[in-house]
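First the structure, which I've put down as structure tokens, then a few questions once you've had a look.
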Amino acid sequence: MNYSWDWGLLFRSPHIGWIAQGFVTTIEMAVLAWCIAMTLGSLIGTLRTLDNPIAKRIGTLYVEIFRNVPLLAQLFLWYYVIPELLPASAQKFVKRDMADPQFWTSVVGLGCYTAARVAEQVRSGIQSIPRGQRSAALAMGFSTAQVYRYVLLPIGFRTVIPSLTNDFLGVFKNSSLALTLGVMELTAAARQIEEYTFHSFEPFAAATVLYSCVTLLVISLMRVVERRTRIAGNVGTAR
Amino acid sequence: MSGFDWNVILNNRGLLLQGLAVSFQLTLVAIAGGMALGTVLAMCRLSRFRPLAIAAGSYVNFLRSLPLILVIFWFYILTPQIVGHPIDAYSSVLIAFTLFEAAYYCEIIRAGIASVKAGQVNAGLALGFGQFHVMRYVVLPQAFRNMLPVLLTQAIIMFQDTSIVYVVGVRDFLTAADVVANSNNRPVELYSVVAVTFLVICFTASRLVGRLQRKYAL
Amino acid sequence: MIEVTGVSKWYQQFQVLKDCSLTIKSGEVIVICGPSGSGKSTLIKCMNGLEPFQQGEIKVGDVSVGAKGTDLPKLRSRIGMVFQNFELFPHMTVRKNITLPQVKILGRSKDESDARTIKLLERMGLPSQADKFPAQLSGGQQQRVAIARALAMDPVAMLFDEPTSALDPEMINEVLDVMVALAQDGMTMAVVTHEMGFARRVANRVVFMDQGSIVEDAPKEAFFGTPRSERAQLFLSKILQH
Amino acid sequence: MIEVTGVSKWYQQFQVLKDCSLTIKSGEVIVICGPSGSGKSTLIKCMNGLEPFQQGEIKVGDVSVGAKGTDLPKLRSRIGMVFQNFELFPHMTVRKNITLPQVKILGRSKDESDARTIKLLERMGLPSQADKFPAQLSGGQQQRVAIARALAMDPVAMLFDEPTSALDPEMINEVLDVMVALAQDGMTMAVVTHEMGFARRVANRVVFMDQGSIVEDAPKEAFFGTPRSERAQLFLSKILQH
Amino acid sequence: QTGGALEKIVQSKTFSIAYREESVPFSFIDSSGKPQGYAIDICLKIADAIKEEYKLDKLDIKYVPVTPQTRIPLIANGTAQVECSSTTITTGRMKQVEFLAPTFITGTKLLVRKGSGITKIEDLEGKTLLALGGTTNEKAAEAEIAKRKLNVKLVKVKDHPQALLNLEQGRADAYTSNDVVLYGIATMAKDPSQYEVVGPFYSYDPFSIMIPKNDSDFRAIGLRTMSRMFESGEMEKLYKKWFEPGPTNINLVMSQELKNAFKLFSFAD
């Protein structure tokens, strides 16, 4: 293999700037999409555990739709299809007036997609709580909303923190798909350097290292959070 | 928007169906490859020989920390340079998928084995079964049953993931639809068809998995 | 106090409760027993509206449990309930478990609730456990906390669903002792239990259920003396044999 | 038959067994009791090598359990063991559960094994359950199948680890009856249980453990008459009160 | 690396042509999915020459689809032996691949909607410009933007049709590419009369055919074939077939620069 290594190119302008900017964009997208996913996902997941059949149906519908269409296809729907169905004024906003439409479309797409996964975690977290906890809380005189607020959600979230960590890492990694809409995130930055320099190993190695490091960092961070939020003794065996 | 144009779909159904076939084919090959390699990796991870377990564990964790798209790029652009002879996009994507999915299957298989309760192993041992026989008659059959739904669910996820080969131009279903959408200027129709098709296939499949799970629940 | 009249309940086809009637007067202690699956838990859960029922009526004081407009949370806050598996909230300390419902449901002030909590824990013989988490306590201690939590709401009656059956033999007594004291203080109680020693000591009446029906409802002395139904005789002989 | 001499065992720092010695003669039935966490299960698991131990010796017949060269599978096949949670293999029918070990471990023919299985199931009072899966049986039935599975290996001794504590009160008896019959047939048995009725009926000796030590080891009559240790007295009083 | 490109062609009796699916009229697929175009025709001539020179009984043509991002690696690693589309000769690319003679000369311009008032890159201040990742046009536009300190949002697209789709949906104001490509793309619009190509040349781009490096025999046979075509006027005929007007609604008379280039590369035997 006759490849001329040039690790220095990574640190030359403008390449270093592209990588830095791409990395920041990736993180921004992941964090913003995660906020959407957590809010929407908790809501949908809770809906699925209610006794009300209509609420349940809505939750299920959302989850099934967003879980069974590939993310890339969803991004295309959000970007190329949904705006076309809007009234003209709204179209103009989402296509032009909105700052950075590619970025925000990706964030919304990623957020809604991940929300379905979060919803499933929240649902399973709540459902893993022994039925008796709900009965006990109701028997005390709590209203349904209070039962969720004080008992089911706090316990449910704690039990699914590890899976939620996985989902966060998922959204972090999936943000790379935004490059298909033209967002200059980390993977796209690596590609751009490759296109400009015809060196592929160095930029992709840099991207790989960055992705891995963030993953490692998040995992160790969440270990700490897990330890902090762990219920003294053990939830699973509190029977 | 000027009305939904069914004709563009009908006229290009050949191209679209071919794309769908490619997606299925990719899924099947990657499942087979990923499962085989994943089982080997799981055995390595559970092995008492520490270096092997650590090596397998590092591999799994490393790949799981990367976006699939990046792995596809790696293999698409770099393997030909490494191995020194040309590899077409389809093969490079197959390699990427197999190696990538193996990491996920490894974890599923490992969790399946861990899900068998320690009491069952004790019961097997107490009867006089050897280690190997306990694995063979007690642990593995239960482990497999426990993980079957997850294995199948992973297959459905992988089927959806095949759409990512779009970035290297392999003509899967989404890419085919994209080509038709672009050349006919009909993105709304084509992307909607892609979404609905995936929705129907994956939803049906996950329902079947659910039914299977209920049937074989221990 | 609590009046159950002709209550029937179905899960789909399956009838869990068959025309059950039962009256618990103020200050009375009744023990409900019967084989597994006979509907004891279901009956007791119907009394505070945790389980809906399709026929009959249940009145607590003069509130009808099954009626449409009934404010169930309010009704439930007036009836204490203790479960087989304690069902303390695992993510809260013992103190929080007992204080939170007082604050959130009764609208008591923090300080007042806290004072009440401490007093109840003392009464339960657990003065120094307030800041532990449930999982750090033994089963018997957890169950006593659960009783304290229910009492903190100043209930007019208490329901117990097999409060000792998840406990190690050594701990059963510490819970029964608390319950005996409660009965002797005049609390109205309905207790599902197999602890016949407890029934003998404090029950006014023993109710025996089988397959969803109330087969016997007799004063304690009559029940242990000559239970009329064959099923109850068989059951008693099994329970008491070992 | 089984001879335990000065066995100690640690989990890391924590000592679970402290210098335990115990002899079970052929045909003898001993009952082991004691508070939770006292090491009863651990001791019994050491007897067939399911748990390793660091000090002392255990001999079954003239095979030393802890020794390096011992063929543990073979040893274990000669000692039956019954667990608290039954531990039937959930993916096999009852018949398969009992037949498979005979075929794979003892090398019996299919037909012979099957005949033995049927006979044992009859003896356990379960003639018609052979083709069900464990999950379709009640707990008491499952435990009897587990006993049948152990007996199918023609063991020279049987170990029981709280065989009835996961059962509903009504089902305890059907299992105890089988065990009593077994004892009366002359089987050598070590039984961890809190069922003192059982101990009274068939045990030759009762062993009381606390915090990893064997505190009492006395003939049944002596034990129930005047247990010497304070701890055992306290334990007995709690167990027997209700 | 195993053998040269030529050796491989002769041994395997297969000639792998890298083509683009959307570079009209240089290299594109027709509705039946068959690659064709001006550059493809030239490459087929080279194939004929090889077949003749090495007296092969047959020479199979294998078509390898490429994108702007993949064309260089795929030629560099030998997946295909020639890339026949609209690739600009640059010295940067010569580190990885080599080029034959120029086939076309064009330059970077802008495609805009008629009536948008945009005639040059300065008019894009505060607006969105599309570019194909990895092209010389992207670099030229980027350099121009930097030079004039403009605030233009540069969004990367995957291929020409995606760019057109973005323009048609009103998500961007202009697309930068080679003028000829822009004319070609405009014809694919729902209403081609809505679009125009504007601006001075921001770069000057000679197109050529890419081949792998370090195979002088192969390079020689390629240059020889092209030289003959220039001399015999065959190349001009091909040009007329595709451009004056071509089957794809393009009407582009051959420029003087290209005529000169053809003359310069007509070597004596």
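Should a chain be cited, it is by its letter among A, B, C, D and E, assigned in written order, with residues numbered from 1 in that chain.
Just so we're on the same page, contacts are C-beta pairs under 8 Å (C-beta built on N, C-alpha and C of every residue); 3 or more make two chains touch, one makes a residue touch a chain.
Please read these numbers as outputs of a predicted model, since none were measured by experiment.
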Chain E and chain C - chains in contact with each: A
Touching both chain A and chain B (chains): E
Reference chain A; chain at largest CA-centroid distance: D
Label of the chain whose CA centroid is most distant from the centroid of chain C: E
For chain C paired with chain D, centre-to-centre distance based on mean C-alpha positions, whole Å: 36
Length of the line joining the C-alpha centres of chain A and chain E, rounded to whole Å: 40
Centre-of-Cα separation between chain D and chain A, whole angstrom: 52
Set of chain C residues in contact with two or more other chains: none
Where chain A touches two or more other chains, by residue: 80, 84, 180, 191, 200
Multi-chain contact residues (two or more partners), chain B: 77, 81, 84, 181, 187
Touching pairs - complete list by chain label: A-B, A-C, A-E, B-D, B-E, C-D
Complex contact set, residues of chain D against chain C: 35-36, 168-170, 172-173, 176, 194-198, 235, 238-239, 241-242
Chain A - residues contacting chain C, complex: 130, 132-133, 135-143, 146, 150-151, 154-155, 158, 231-235, 237-239
Of chain B, residues touching chain E in the complex: 15, 76-77, 80-81, 84-89, 168-169, 179, 181-183, 185, 187
Partner chain A, residues of chain E touching it in the complex: 1, 68-69, 72-73, 92-93, 95-96, 128, 130, 133-134, 139, 153, 155-158, 165, 169-171
Complex interface listing, chain D residues touching chain B: 45, 48, 50, 72-81, 83, 85, 87-91, 100-101, 104-105, 135, 149-150, 153
